[in-house]
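So, here's a batch of structures to check.
Two complexes follow with chain A in common, the first pairing it with chain B and the second with chain C.
And now, the complex of A and B:
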């Protein structure tokens, strides 16, 4: 799966979690940029990504992420 | 009350319990919610609309999903974070319900579990199903 495919899949998950059909995320998108991206929705995002892509994250890995791009990079690494 | 800790929980772990619906539960739910819709409070109206009797509030029966996670799975250390419910059949006063749930997903990083749950009546018909997300607090 290419990085672009992963990104598209993650964008669909964002649209579902935040109930915004037209939501567009970028590599530099951070939690501060999305009003409803609170701690509970963060857990929901991580859970949805884990289930959709059949991967698991450790808390330390998640704490090191700074934006959507770093999440996608981590996913690419895990799915290699 | 069960006291499952996060480390005790695995995919497939399940719990269930039974409850009987009586008129006093309907009265108490009416008092709390003030939902005076005639389908729930007027048996004549319900019969005119094709139901054998007044219909039990969907959210009354769904309150047992709260009990499922708060008392049984995981029990004491539960912190309810989300619930998605679908109703499939009406419930009536006098019905005996069985509420069942099984762990279907575990988020190790954030100590959240997902439970696939459902409620059946005395005829083993599924009246609703739910996906429940709950955190598990540290001891």
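And now, the complex of A and C:
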């Protein structure tokens, strides 16, 4: 799977969780940029991503995430 | 729309529910007919997503809930000492979400049988006082029992040695059952069963527990919410009343009209006949506990009736209150059945192995429940059982139970709640705190807490690790962290305050605390310490700032509570001042260890 495909998949998850069909995210999108992206929705996002791509993030990896881009990079690494 | 609804029936489409909950909710809200109910969730762990998903299942059952959610892990305090908010809310249902994570003290190996009995009684007493205290609301209480712990220190011995956790949990669950039998309005949400059904490995997610204090895995939440919704629907009389069955290849294998009585499959002779017999037994049990049975079959009436005269048939012709075997369309027959036994169409459940017949009934009469049972009788029971159509809240309570309840209630009234006041409760917590200046071992945790705390945070000022380093070393800063321990365990580092000293005045740039320790008086202990450090530096007054954010209204009056005077007010932001010359110590409940 290419990074682009991963990105699109993650964007779909964002759209579902926040129920905004035309939501657009970028590599530099962070929780501060999305009003409803609080700690509880963050957990929902991570769970949905883990399910969809059949990966599992370690606790320390999760703590280090800064923005969407760093999450996708981590996914690329894991799916290699 | 219908597509979404089927996601909310067995087998649940877990991922879709979790991902699409918002749009599912929107769709469900398009339905007009709801009864409104107030549901209070008192949680011993995070309950946010449980609430969201429960809402969907209730909407599907025609119940529009309003929710009250206790602060994180404040189920005990809310139940025992109440809150204005909860009183005003006047709940129709109180759901107490606890799990084995909320067990305070398990037996230790050195404990005698008497010690173990005391531990058990202490644990049980907590819940008894919760139930007693909540009885003032005169509403239904739905109480989780306990799931097993995934790890068993004693291996298989864990379930029968008196020091085992499994043993302890079994004992507790038995006591819960006993109390629920006796106490009107107390219902058990059997997570001990549910976690077994899901599998303990999948039920609990250690990582999610550390991250967000959810005591069950994300993928278990829909099953949990589904289970709670069955109890709530049953309490509000939304359970189904009548099971309508097809005959050929549903009640028995084969076609009675073609094969004849001798050739249909029922009994124990073959695997196939046995599977139909087991299904009939399940249906018979439903009938024995009050579910009405009916037949809706395309058949000649006499042939159909003859099928139940088979010597191995568990169900007999007389078990059915309504028996429609003819050549009319099934949707017509279903309406006739409802009419003849005088119940609403929406209290019918229809089981048929033929997808075409299911479709006709469901598309013509959407209010009838038509589970997608497939064509294999082996699967039929699960569709009836897991969907909880006939969830009973009691088996026709007889007078014996009733008189027992009245007796118990008298005892209850005589017994006082465990604590007479909140102060007494706070004393019982045996709290100790460590409140000291920042030190290098805690810098990561301090930075993390600063950057994620939104509610109990006066200024919501964020700092980088570098800035915290500078502050730690700078003499012009008064910077304290607080750790709180109580008899339930260590809450960790949960409070941070940073003051900047200029000309004998200390400006509080940052004041925050984790909501984990709300209402524990920790903020007063922090203030005492800050004031004492101010005096050491010859500070005479403290200036506090409140900057309103979307999430911090909980502390808008904190400085007022602290005894500060209002200096200026701009919109909702405010500046407060405290002269510390005659400051009096405010914390009375926490033993403090300081620098």
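Here, the second predicted complex is superposed on the first by the 80 of 80 C-alpha atoms of A that agree within 3 Å, B and C clash if a C-alpha of one lies under 4 Å from a C-alpha of the other, contacts with A are read in each partner's own complex, and residues count from 1 in each chain.
The rule is short, and it goes like this: a residue touches a chain if its C-beta (ideal position, glycine included) is under 8 Å from a C-beta of that chain, and two chains touch if they have at least 3 such contacts.
These figures come from a predicted structure and were not determined experimentally.
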Which superposed partner A:48 touches (first chain B, second chain C, both, neither): second
Partner chain(s) touched by A:66 [first = chain B, second = chain C, both, neither]: neither
First (chain B), second (chain C), both or neither touched by A:78: neither
Partner chain in contact with A:28 - chain B first, chain C second, else both or neither: neither
Which superposed partner A:16 touches (first chain B, second chain C, both, neither): second
Partner chain(s) touched by A:40 [first = chain B, second = chain C, both, neither]: both
Footprint overlap on chain A, comparing chain B with chain C: 40, 43-44, 47, 51, 56-59, 62
Chain B residues touching chain A - in the complex, by the definition given at the top: 81-82, 105, 107-110, 112, 114, 133, 135
Complex contacts: residues of chain C adjacent to chain A: 15, 18-20, 22-23, 26, 46, 48-49, 207-208, 210-212, 214, 218-219, 448, 452, 454, 550
Interfacial residue positions of chain A with respect to chain C in the complex: 13, 16-19, 35, 38-40, 43-44, 47-48, 51-52, 56-59, 62-63
Chain A to chain B touching residues, read off their complex: 40, 43-44, 46-47, 50-51, 56-59, 61-62
